[in-house]
Amino acid sequence: MKETVIKMDKKVKLNKPILIVGLPGIGSVGKLVAGHLIKEFKAKRFAMLYSPHFPHQVVMRSDGGIRLVSNRFYVIKAQKRGGSDLVLLTGDVQAVTPEGQYQVNSKIVDFFKKELGGKFIYTVGGYSIGQGVVSRPRVFGNTTRTKVISQFRDSNILFGQSKGLIWGSAGLILAFAKMSGIDGICLMGETSFLEVDASAAKAVLTVLAKKLELKVDMTGMDAKITKAATAIHAFEQQVATGFGGASGPAGNEASHPTYIR
Amino acid sequence: MKETVIKMDKKVKLNKPILIVGLPGIGSVGKLVAGHLIKEFKAKRFAMLYSPHFPHQVVMRSDGGIRLVSNRFYVIKAQKRGGSDLVLLTGDVQAVTPEGQYQVNSKIVDFFKKELGGKFIYTVGGYSIGQGVVSRPRVFGNTTRTKVISQFRDSNILFGQSKGLIWGSAGLILAFAKMSGIDGICLMGETSFLEVDASAAKAVLTVLAKKLELKVDMTGMDAKITKAATAIHAFEQQVATGFGGASGPAGNEASHPTYIR
Amino acid sequence: MKETVIKMDKKVKLNKPILIVGLPGIGSVGKLVAGHLIKEFKAKRFAMLYSPHFPHQVVMRSDGGIRLVSNRFYVIKAQKRGGSDLVLLTGDVQAVTPEGQYQVNSKIVDFFKKELGGKFIYTVGGYSIGQGVVSRPRVFGNTTRTKVISQFRDSNILFGQSKGLIWGSAGLILAFAKMSGIDGICLMGETSFLEVDASAAKAVLTVLAKKLELKVDMTGMDAKITKAATAIHAFEQQVATGFGGASGPAGNEASHPTYIR
Amino acid sequence: MKETVIKMDKKVKLNKPILIVGLPGIGSVGKLVAGHLIKEFKAKRFAMLYSPHFPHQVVMRSDGGIRLVSNRFYVIKAQKRGGSDLVLLTGDVQAVTPEGQYQVNSKIVDFFKKELGGKFIYTVGGYSIGQGVVSRPRVFGNTTRTKVISQFRDSNILFGQSKGLIWGSAGLILAFAKMSGIDGICLMGETSFLEVDASAAKAVLTVLAKKLELKVDMTGMDAKITKAATAIHAFEQQVATGFGGASGPAGNEASHPTYIR
């Protein structure tokens, strides 16, 4: 395998599709958002993306099978007649090198534009402020063109207040969209250095749901937030009381990935 | 040399060949298994694989010659009339980069399918549990399709109990096999962080031999296990008695590779 | 995007153009010089260079928009009739890998020669002496051919006194110019390990302005120098008086880039 | 520049040429040997090799010029009528990545075989034993085929006693020669971890000179050995007498390369 490939499981016919990209990144915000929507709306997977620029890994499935790491496209058909279908892109990994990032992300935009006839792209990421816990995460936005900002008035998105660099798919997909004449926005949930930040993801989901007129059940996401808060609280108690030990604090069930070769 | 090449020494005619892949990796389990089978059954080498994605190394041979690092294909002709011939793949190295891994491993699957008419693939690796010495290593299995699992009932292979990621050839060859419509299984011997784990290799060999109806003499492998156990025991004694010194414990003849450029 | 591309905004017609390359590097000398000339002479941007060998980053703009990291070409039309137009090349980044550097820089020289009909190239960089603060930075020069040196008599440029290696665009663009039969010079402002060294930049600017018969207002550059000197002085005072704290010294407004993915 | 190129300055006509490769590596043994022969025999340069796989560096020349890092081919015409001409390959650098090493070194062998009609290759390197100072460096040899060893009887070369791996050009050029049906030998001078080991170089030169029937003046090489010995002696004295300071010991004029970008 020398080139990035996108394999469609079946020919889908989409109406004015909107793409929502939620790949691994800071705080796992993008991946949480995409995963939640896929689960809540029982989105159907219709295409797989494999790339030699991804890590050389295979995932062991709990049923004893395997699968190559990938990015995956899902669809949620429009709930209103004539409305836009939602395409979700999520996955295990992003490309490892700059060259790989440029190739994979330009391929994604090409596919969305030419194969799916796509019209608008949301990318989702975490915006790291590099400080302690964020109690009420804000949502920052950057768009392909400043003209696009006006479509997001009254959306609780802060524009022009995020600074610095967007790394990886969340940025490059927007950049290639802009070059291809497609508009889009990057939504960033404010996060500190948590590995998985469900609060930031919920903040973005709330904004997205309103804009896309989706009724999203947040129960599952709230459970994740509560679980993390409980773990942090227990940990702080432990530190305060001087109690410590080999076993982790309640709720902090870290996953220990096993690597074989 | 800009591309991975497979050079066949001679045209071989194989009957329903089964591939067993044993390349360097965790605990050297794959390499030990392949090496043992090649030695015990006096397997004949029939093809070499060279790749610009391998390390830029040449091996100094004990006869004063040299050879470029490579992967190598061997054949063990079927012992029963009409049975499957066994093809063994082993070597010095694996590809260095993700791009190299994708290229080399997809090439191996293509070669096995198209040139050799292959039907089934075993890949062998170590499954690291990241803890002390494993007294009775278990064998874990993951297959291309869950349907394949049923072929391995009563094989002492644990399915669905291995978690995480398979890195490198042991995983990617299975993934590309799956894409090419070839079935296969990854057999993983449980191992801790030993560099060379003959116990784990023997566990996999035992499972393989039963399934493939091979009578495998384990004397050589047992000698390796005993040697390692003696070394570990001597080392523990030393630690316990406070004796130590510049020379290593008996049996622990570490090889000191020399690097020149 | 698999190849480096140069997109011209509009077809420009240039007269005997001279290229001045000021990209990120030691002391930001090149970037400061190019930036100052672009600002002072209100240079017009006419072409963009994007490359898969650049980091996979998108810049968040203060107006809420985005842009892919790039190198950019600007033009300052000749002030005298028949004089050479000045083309300035600056940008956010340089290529990450050796392969990328060779590709991007040879492409820049090709573009300047074939598309723009270019005649001479200046590259600007910092010359690090690895010691404390440089009070009066010298300017070192290295040319494509020793014959070119004679054009720079009475220019306050030191030839044959710089030693070692020139990394990146400042060196490679000259090397490819030489191979293409275009002459050029690398001007290096002496600098210590400051991240942004406006004194070194001013030294190079002074030499350049004289040679190119440009009247350059140095007010902005002087302000940067004064600001840095004040910061260093304040810091030294602080160290001397034993005062220190969490907040940085006056004038030292370090920028904290924020990274999201 | 996307491909490795070899530019011939002039068409040379060579008689049964023999290649001697002395590129940067352990103890600089190869580079010292090639450099000494080029100087002593006033070898003429006739071809340059440039590669995007080399570091992105330009060398500042003492005359104020520049040159891109390269490998360079020189010729020493046979001193006997009908004898073999000697081609020397030396340079500033080797390729950075495995892929680059495979490409550059296979290109060198192709060029030597097809363009120059070459017949035999010597590669020269250091053989690191990883211990203190070597008083009388031995010379180890490894050949493309064991049959070649017989040509080196009575050459004071030790065969079959070197173990491990040869990294880079010294090994890969031999490996590609072997694949192309050209014979060759890698000569390795025993060395410890000195950066530049003139003793090891002299040992190899002595062996080479005898075999190639070259009268090589060793005065320059002996001076380098004496200088290094004096420096080491002075350093040991210093350590023994407890004297030390900021300035280095006599004779130890370390070069401080300067890097600019």
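Structural remarks
Each chain carries a letter (A, B, C and D) given by its place in the written order, and its residues are counted from 1.
FYI, a residue touches a chain if its C-beta (ideal position, glycine included) is under 8 Å from a C-beta of that chain, and two chains touch if they have at least 3 such contacts.
As the structure is a prediction and not an experimental result, all values here were calculated from the model.
Shared contact partners of subunit C and subunit D are absent; no chain touches both.
Any chain bridging subunit A and subunit B, meaning touching each of them, is missing here; the list is empty.
Subunit B maps onto subunit D through a rotation of 90°, based on Cα atoms and reported in steps of 5.
Shared numbers divided by all numbers used gives the overlap of an interface; between subunit A and subunit C this overlap falls below half, so the copies present different residues. Subunit A and subunit C have Cα centroids lying 37 Å from one another. Work out the mean CA point of subunit A and of subunit D, and you get 53 Å between them.
Subunit D has no residue in contact with two or more other chains. Under the contact rule stated at the top, the pairs of chains that touch are A-B, A-C, B-D, C-D. Residue ranges on subunit B touching subunit D, taken from their complex, read 1-2, 51-68, 96, 100, 256-261. If you check the complex, the residues on subunit C that touch subunit D are 25-26, 94-95, 98-99, 101-103, 105-106, 125-130, 141-146, 149, 159-160, 162-172, 174-176, 178-179, 186, 188.
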